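You will see chain A twice below: alongside chain B first, and alongside chain C after that.
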Partner chain A sequence: MRAFDYARATSATDATAKAAAGATIIAGGTNLLDLMKLEVMAPEQIVDINRLDMNRIEHTESGGLRIGALVTNSDLAVHPVVRRDYAVLSRALLAGASGQLRNKATTGGNLLQRTRCGYFYDTAMPCNKREPGTGCQARDGFNRILAILGTSEHCIATHPSDMAVAMRALDAEVEIESATGIARTIPLVDLHVLPGETPHIETTLDEGDLITAVILPPPPGGVHRYRKVRDRSSYAFALVSVAAVLRIESGKIASCALAFGGLAPKPWRVAKVEDALTGQEPSPEIFDKAADILLADAKGYGANDFKIPLARRTLKAVLRESVEAAQ
Partner chain B sequence: MTAHLKLDKPQSDRLGDMAQGVIGRETPRREGPLKVTGRAPYAAEVGDGTEAVGVFARATIAKGKVTKIGLDAVRALPGVCAVITDERLLRNPAQGTANTAPVQGGRDVAYFGQPIALVVAETYEQARHAAHGLEIAYDAAEDAAVTPEDAEPESLESKQIDIGDLDTAMSHAAHSMDATYTTPSQNSAAMEPHASIAVWKGDELTLHGSYQMLKFNRNELADSLGVDPEKVQIKSPYVGGGFGSKLGIAPEAVGAALAAKELGRAVRVVLTRPQVFEATMRRSETRQRVRLAADADGKLTGIGHSAWVSNLVGEAFSEPVAQATHFTYGGANRSYRHLIHRVNRTCAGSMRAPGEAVGMLALENAMDELAHAAGVDPVELRLKNIPDRHPEDDKPYSSRRFADCLTEGARAFGWHKRNPTPGQTRDGEWLIGLGMASAARGNILSESHARVTLHSDGTATVETDMTDIGTGTYTILGQITAEMLGLPLDRVNVALGDTAFPPASGSGGSWGAGSSGSAVFVACQNIRAALAEKLGMEEDQLTLTEGSVIRNNTREPLSAVLDDDLTVEGHIEPGDTSEEVQQAAFGAHFAEVAVSAVTGETRVRRMLGCFAAGRILNEQTARSQCHGGMIFGIGAALTEELVHDPRDGHIVNHNLAEYHVPVNLDIPQLEVMFLEERDAHANPLQSKGIGELGISGAGAAVTNAIFNATGVRVRDYPATLDKVLPGLPDI
Partner chain C sequence: MSLHTTLWINGETYALDADPRTTLLDAIRDHFNLTGSKKGCDHGQCGACTMIVNGRRINSCLTLACMHDGDEITTIEGLGQPGAMSALQEAFVRHDGFQCGYCTPGQVCSATAMLEEVSQGWPSHVSEDLEGPAPLSEAEISERMSGNLCRCSAYPGIVNAIRDAAEGGTT
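Now for the complex of A and B:
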């Protein structure tokens, strides 16, 4: 770990000013500290935001929920309103990491956690994300946990979060304060970007931007499911995960939101998949069609080829189960 | 006074005669509370904080020569005190019981991750940063062998064995099986990383380390440094798990000693978690071909077990894959091949149950495949094939309740409920299956010394350099002493893990309890004799109980009859009984798994192991050893795999997030049954080794259950979902 200066932010403005001047924000530290120990990230200065007043969960005027960026994964998962009205989120959170990690992990930090690609974590390896232009060692290497959708020839990393997948299905928005003091709110879909030719650029955030909250729209109702497929029963990242919020009316799928983890460099959601299902009577054929659309452009890299059939099967099972629960 | 016993004949059950009820009894580990409250100092924690701290810089090529090390740039960094590039640094740890230094010299790179230089600084962070930035230039070799296929295998003459004619037996067999299984590299992943603090006083070295076999480690360390072993003391009172990874002296001990000498101050070296994976012993990957020939009834007429394993150049160890195949089942025609690929991968060494842990996966899968093909119940097939005598050298078995383990275990588990046709039992989305496998592990007695003192105040002290690696040694040595000397357990003080004490067997090969316990037994037996003589009676007339002597129907406290301490150093040595009979512990595993018909995820629902391992010295610590072994087996079956990069052999998943040992939720109801057994040939305690028995076959019970659940036979371990998926029905 490289020696660094530490400062505790006194206000959001102070945090953004320091971040704009080059400091790296630290929240729970569960990802950042690991990366610093390995010198994958080697900030000269860090700004600690943990004392800021961003750990509340409040109702919004429109009937939604505003989740402070410092709310821990543990607290968010057990919040009664989240459990009742946004069950998919509660389930996703509890499927992530371990109890100890969830106690430290924050909402903002979870959104911005880095990939778990093994080559990214080893500074002796070429990696375009860590060191642009050096190459991607994972493509022809061990890529079992990496992406099959949204990849580029420069990077095939996944975004490893469970929480963000559920938030994506819930149409969450992200509230950001910038160093110029301007606050803005963007849809979660616009937070992360695909690797393309610049895999080191992972979000649309500017230098100095501080995530202050995540906003959930009013409760969507319906059946909530989060299914995470993984190599052991707990404490393993998703190979494939599916977040589903689905409503049935008069025997037809009235609405559905489906987001996927473990498949892509960002929480993945495809409007056409949902369009194919909406208004239809549930059937294995229509589920297959949805899976066809989801996986039309899927590309395996060897060790992760299995994710293609696995994603199809998991999606179909989640749909079947959600429909059964909704009827 | 010293007392010596060489095990040339079977022993009577003297320990059983004592009838104190201390031996065998469920007794929690004595040091447990210290450990869980953080008061048991581990090697890295014993210093006073003034030590300098060393961190290794590693090789980042698979093979070649170091041409230049950028010392100057790193020496200029804040806090850096020294960069050790001494030729005496170790390439890799010593193999268990090596007793001499392993390959040394940091300039020849043999694997990615090899420690090249030790950077020492005032703080851990400074040292780690400097080590990370140390520039090392190489002349990389063109001919690195990073996968076994890259290197022509060597064959070891003594392990190419043919008895009878297996090929003919296979061609005449009513039922036969010929299949190839593979198992991946694994790591023990002990919780406590490898750590040492070295302190020199003049030419005398004290090393606080985390080691399993101190008498060997002391010689290995002395040899590595080129000093007299008499000048070296190793202390290892608490070890946070070893599983074989701490059998031999390792790079961090030698690095710490060299740095401490150069700097004239104490130095601490702790491996980082990635370094534990890269630079301590791995279990070799294996490829195994198993052939079984059977007659129409399922009686074996032949067994073949060929193994391909790997290791670095210059390492004598090679995973003894077929070890238990030799003596578990009969069959007249037998064939073995053992081949070693010399690879540029992390050194391979002993990991819990070397040989059986992987060999029994393949053998027991093959037996399951044969049972299925022959239409014989898997338990029945094993029962039919238990030989009367050792099938290869015709020795009798010392004690062997193998058949009882199979039948009693099957009864307790409810094996009869199994549907022999795969894929028939469902619980919603989950396909349910039952599987079983045998367990076998050879028993070994190893030379050991222990000093026991019966103090004049009626307490006792045991001293030996034996280690307790979390297995319960403190507790059982106390129990043996208490049982023999008629003392309440809390009056026995046990001091371990210091080479200043008499040399013990060390912890490894499942021989620790039997060997070090026998040395204690021998000492106690002679204390009894000395006491009896003093009291003018025969030893076998002497009754000691609850801290008192019973004489002429009166009870006197020991303190009243002792005017001085009585000290005896006990010494046990293996003798003819190791040669004349086949000694092994046996068992049977039964597992119920659920496999998701959607995803192929396997979850073990319950598991039962039934074992016979001679006298059980402490039901609780023995059960916990078996639990641990079964959990290792579940890990091997389902999740554990060190992944080597195909281009440079480096270990890609070198952390506990991606090297998947089972977590609590992976471990269901585990039940362990012990059958009463005594083994008079094994040692005077009549016990057999148990630390590795629980892993033997455990994983095969799980994969056999996957077959029963789904009809999918995974022959390439671990059975991760991607390997099950293609065989699942459409959904």
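Now for the complex of A and C:
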């Protein structure tokens, strides 16, 4: 690990000022320190935000939930309101990492965790994300865990979070405070960006921006499911995951929200997939049609080709189970 | 840069003056010579370094000592000593919950905090019902302990030891 100066933020303003001056924010540290040990990241200054007052879960005026950026993955997963009204989020969190890691991992840090692409982690290898312009070894290399949707010629990395996939299905928003003291709230869909020609740019955040909270709208009701397929049954990242919130009325799908993990550089959600299902009577044919739409532009790179049929099967299984549970 | 940090470990005060890069694990092993906690992977992937910090189990290899100024830490040395073992430690001995023993301090710290999570009604990935009770089945123990790998694969003994201790038994 390279040497760095450490400072503890005394306020959100102090944190954003230090971050704007070049310091890297540390929350749980479970991703940042891992990458710093390998010198994939080598900040010269670190600002520790752990003692800031951002670890509360509160009701919003509109009947939703405001989750402080420092709320741990454990505390969020076991919160009574989350378990009852946002079960898909509890399920996604409980499917992620381990008991120990969830006790440290924070809401803000989880959203901003970096890809698990092996080349990104290996400083001896070229990688456009780590060192812009050096090339992408993964496209023709070991890419079993990498993306089939939203990729570019320059990078095929996935966003590894489970939590963010459930939050995407729940239409979450992200509250951000900037170094100029201005607070803004953006839909989660606008936080992460696709790699395009600049895979090193992963979010729309500016230098100095601090995530202060995630806002959930009022509970959507319906059946909640999070299905994660991985190489071992626990303590492993998703190969494919599906978050579903679905309502059935008079034998038809009244509404559904579907978000996908393990497939793309950001939590993936396609309105047309949901449109194809909404108002329809559930059937294997209609589920297949939804999968056709989801995977129309999917592209495998060899070792990850299997994700295309796996995503179809997982989506269909989740739809079948959700419909059964809703009836 | 050297930083001053005070840690409360197993009920005693320890003062650290060290480079901020020092992880909590390295501080406790190398600076305070409490070598019960082990380093397996140093990357959050094995659980050998598990300690209980402010009541919660964490991977001490993935956190900096300086982030824990004033925190209360329990390591394996604080759970029990030869001749005065905790119920879980005794159960690990009774059930052969180890072979080489390298993962054991982490397993025992993890299980101690895990049982506390269960008593607070935390569900797990394998719990049928997020809100209902989750009886401590073999599947529940395995899932909740998945953050602790055992290279010797003493898993059956580990699960039996934890179940036995949880039931307060001496089988």
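The working rule: the second predicted complex is superposed on the first by the 327 of 327 C-alpha atoms of A that agree within 3 Å, B and C clash if a C-alpha of one lies under 4 Å from a C-alpha of the other, contacts with A are read in each partner's own complex, and residues count from 1 in each chain.
Please note the rule applied: a contact is a pair of C-beta atoms (placed from the backbone, for glycine too) under 8 Å apart; a residue touches a chain by one contact, two chains touch by 3 or more.
Since this is a predicted model, take the numbers as computed values, not measurements.
Novice: Which of the two partners, first being chain B and second being chain C, lies in contact with A:Ala3: first, second, both, or neither?
Specialist: The answer is both, since A:Ala3 touches chain B and chain C.
Novice: Between chain B (first) and chain C (second), which, if any, makes contact with A:Ser234: first, second, both or neither?
Specialist: both
Novice: Determine, under the contact definition given at the top, whether A:Gly29 touches first (chain B), second (chain C), both, or neither.
Specialist: After superposition on chain A, A:Gly29 lies in contact with chain C alone.
Novice: Let me test your reading of the model: by the given contact rule, A:Asn50 touches which partner, first (chain B), second (chain C), both or neither?
Specialist: Only chain C; A:Asn50 stays clear of chain B.
Novice: Output check: A:Ala124 vs chain B and chain C. Expected answer is one of first, second, both, neither. What do you get?
Specialist: Once the two structures are laid over each other on A, A:Ala124 reaches chain B alone.
Novice: For A:Pro309, select first, second, both or neither according to whether it touches chain B, chain C, the two together, or no partner.
Specialist: First partner only, chain B.
Novice: Thinking of the overlay built on chain A, is A:Asn103 touched by chain B (first), by chain C (second), by both, or by neither?
Specialist: It touches chain C, and chain B stays clear.
Novice: Between chain B and chain C, whom does A:Arg139 touch in the aligned arrangement: first, second, both, or neither?
Specialist: The answer is neither, since A:Arg139 touches no partner chain.
Novice: Taking the two structures together, which residues of chain A meet both chain B and chain C?
Specialist: In the superposed arrangement, which is not itself an observed complex, chain A uses residues 1, 3, 37, 234-235 for both chain B and chain C.
Novice: In the complex formed with chain A, which residues of chain C make contact?
Specialist: My answer: residues 1, 3, 19-21, 23, 42-44, 47, 50, 56-59, 62-64, 66-67, 110, 113-114, 117, 120-125, 130-131, 142-148.
Novice: Hey, which residues of chain A end up touching chain C in the complex?
Specialist: 1, 3-6, 26, 28-30, 33-34, 37, 46, 48, 50, 74, 77-78, 80, 83-84, 87, 90-91, 94-95, 97-101, 103-104, 234-235
Novice: Would you tell me which residues of chain B are touching chain A in their complex?
Specialist: Going by the criterion above, the answer is residues 60, 78, 125-126, 128-129, 132, 274, 429, 598-601, 603, 638-639, 643, 645-647, 650, 652-655, 657-658, 660, 662-666, 720-722, 725-726, 731.
Novice: Going by the contact rule set out above, which residues of chain A touch chain B in the complex?
Specialist: Interface residues on chain A, with respect to chain B: 1-3, 37-39, 116, 118-119, 121-124, 137, 140-142, 144-145, 229-237, 239-240, 306, 309-310, 313-314, 316-317.
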